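Shared chain: chain A. Partners: chain B in the first complex, chain C in the second.
Up next, the complex of A and B:
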């Protein structure tokens, strides 16, 4: 039961801390109401345009490749710990990494990482203008 | 201590899967190092690997082996389904050679990606047939599903294809969520992922029945999505219609077969009758076959009609598990074996019918409605005859294996005391005759219009696939006895 008391204490502290900080700062700070502060992000910038903008699908490809190696790390860390006890596990892990590299090599070769250059626009160096 | 390193003995029973996966990686490697794209070479490698996997599956027949700590099991049941899945894959791979070149301007180039995705999906389906743990089953299912989503959307400049792929992906992700939540509840109730261990935990009686029932129901619903059973079928007509037709053939045949393997193995070994999933399976079966047939009857497009007909066939196949009972193992094994052989025959005739659509609709561009098939039977007698075999066999008439497989399926239901389910299936089959013969009426009876498209080109690979499927369907009418005997023996071994 004592474990759960510790968790309950953590919930109270974790929940109470931000509330307490906001409350204390509300008491201490001067109040200067202003219209700019009502704006989104409160940064003084006027927000323009829609949030639903189109962005390049290449970000998606990069994110996918990142995800593959992200998961690889999750799987390889336990293996790395276990490797000391059983060196024969080197083989399956090696095969696993080789398979991942085949996939990455193929994606690289087919231009998944190659960033598309904008077409139809001359490169103008600032000095020439 | 869990053994992490694998033994070499673990790899031998998985030879068919390794052949498929290895050739997919080989095609990727060739594609990475060669200067150009070699679509035709990729198809050749894929065909060779499918043949090798087929031979390996047949060679392994009769052996029973466990691998990777019991998470994979290779037995008659899994090998039977390996054969069915590989037959469909072979037909699809070979016919894609003509189909893609014609359907996409850049077809031959993009064939490498297409073939690799097809092989990965096939490997996932074969692993689904062999997995005996909820975790490996889920991973195998995702390995089969993710390439399928991409394949459905493969015609990336075609809006219908993108729409079909999107619907398939979103609903597939939803069904995976159902399945995962169900798995987590089953694990929470029994503390096991292994099917046999789950059954043992239930038999020991130390489980929370509510959690277990809910979990098994959610797993059933998740798999019902994969096999497109009503009311979880909404993605299927759009995905099949939008997809390149060879892929529609693949997804509606192989993917459905793979969903059923997992359904059969999981529910008969892990939840034998302690949980009342059987009632849910009965309701799903009745609703699916009735709705599928009625919806197919009102379609204008042949491809959509075939999509609904494949939904109706999911309903027939569900009879095999709906009549399951843990007490009468012999009857249940017979019904299950009948379901297995029906799926094998269904895979051949359904793939064949979709390939005829691929030829007429996409390759020749004749159009998608029934009227557009007018007079085609007399112009292309071989294809017309093949289509007649497929349609009548799908309806359950003795032109092909569909007749006998449906007969034993209904006989299995009667044996298990579900005579009314067999009767309902019979009535539904009679109803399905209407829309199946409608295609044949247009192909053979009606006159071709003056302005019909030219049919002078001869796509050899597509023709060969269609004719092979037709010949195999007819052959199964005469050689059905060994199929049903093998299937029943495999089902008996599974239920022991």
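Up next, the complex of A and C:
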């Protein structure tokens, strides 16, 4: 129990630091609002276009791969803890990881873990830039 | 999970800061007293961490990088430029905060604060030494990874909230990178868990103190071998993979793509200045030390070492990790984002899983 009390105390102390720094800064800093200062930085040019651009669909595929793997890792943690007490649990875990590898190979082959698909495989619609 | 004998539990409980302090004071504090003692401990370790982070982030980093590039760097402000630390902090804190137009003011202002809170709070579970660790829950290692992956969220808030195209690209990269290297990070560390259970003879091998305790004998438990059983020797592949994954998880060179000075200006930091920049910068450097502390606890035997007390060795090893990270910064060129994803998904994940299987097989045979 005292572990979690201590973690709560650390969160409180860690939370006090940024709040304190921001408050001190508020006392010290000037405030001279001006429209030109508030422009977003675009290498000195006048900002153009919308910032909230679309993501490529590949991005979501990678995210889904992550979800799958994250759940599998969560399932493996109890096994790693328990392995020494009962080494025969190795066999099901081995099968589990082999299945995982097969899935990984499939995703790899289908290009689910690429940042950008190569041009050759692209559909007719041009990519949104 | 709590299958240890009563004696063991007593010993473990005594290894926490609050227990040590209440024993030292000779009183039995209630929950409130425990909380107050924990606050004292948190302030102490928080100050230690912030001091180390401040010295290394503002002064040492610049000096060291300049030395690697055969330059001198800061040498005017005080002896060896040491007074740059108060000067720089004061300068940054007293700067005006300009919220860029079109930015989400809440996300923009909240992100730096959250970043600092998450990273510093993570130091609660670092095993500085027997009796000095603030908290030692049974899920220690998992909690450590939870804190480690927390930094990605403020970066998303900062990148999205800034309404800047560089920031936006920076956070896109950060997310892709954080999720690609999260899995190798956890799985490579998972490979030491059976070893902790084996050498530490424990039923709670995720505890940080148990992980350190299991590394204290000689290598592989062979009597008389002069090499310690640090998991960097017992599990060299896991150590190497974990090191790479930590670098990528906290966006250090050669994986510093979310910031990528020469491509994205400063990535998600582009629109930040003044006190908000201080907090994000602090969180970033504290994260390096958090990663270093995890590496020290998992692979470098924690506070093990001759003569000097445990916390000194622990901090020293963590600092050595920081020096190596800065060394890489000055020597290794940045890789491309698609190369980064390839490395993470196509090599690191497979290697970490194979290493885990290999470890399990060795444990099974033994």
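Note that in this section the second predicted complex is superposed on the first by the 72 of 129 C-alpha atoms of A that agree within 3 Å, B and C clash if a C-alpha of one lies under 4 Å from a C-alpha of the other, contacts with A are read in each partner's own complex, and residues count from 1 in each chain.
Note that a contact is a pair of C-beta atoms (placed from the backbone, for glycine too) under 8 Å apart; a residue touches a chain by one contact, two chains touch by 3 or more.
Bear in mind that the values here come from a model prediction, so they are computed numbers and not experimental data.
By the touch criterion defined above, A:36 reaches neither chain B nor chain C.
In the superposed pair of complexes, A:113 makes contact with chain C only, with no contact to chain B.
Contacts of A:3 after superposition: chain C is touched, whereas chain B is not reached.
Using the contact criterion defined above for the overlaid structures, shared-chain residue A:102 touches chain B, although it does not reach chain C. Set against each other, chain B and chain C touch different numbers of residues in chain A, with C touching more.
Look at A:92: by the touch rule set out above, it reaches chain B but stays clear of chain C. In the superposition on the C-alpha atoms of chain A, the part of chain A touched by chain B in one complex and by chain C in the other spans residues 88, 108.
Listed in rising order, the residues of chain A touching chain C in the complex are 1-15, 17-19, 21-22, 24-25, 28-32, 35, 37-43, 49, 51-53, 55, 59, 62-63, 65-66, 69-70, 73, 76-77, 80-81, 83-85, 87-88, 90, 93-94, 97, 100-101, 104, 108, 113-116. Put simply, chain A touches chain B in their complex at residues 79, 82, 86, 88-89, 91-92, 99, 102-103, 105-106, 108-110.
Put simply, chain B touches chain A in their complex at residues 4-6, 25, 28-29, 31-33.
Chain C meets chain A in the complex at residues 1, 13, 16-19, 31, 34-35, 38-39, 41-43, 45-46, 50, 93-103, 112-113, 116-118, 120-121, 123-125, 134-137, 142-143, 160, 162-166, 168, 172, 175-176, 179-180, 182-183, 186-187, 190-191, 193-194, 197-198, 203-206, 265, 270-271, 274-275, 278-279, 337-338, 341-342, 345-346, 349-350, 353, 356-357, 360-361, 363-364.
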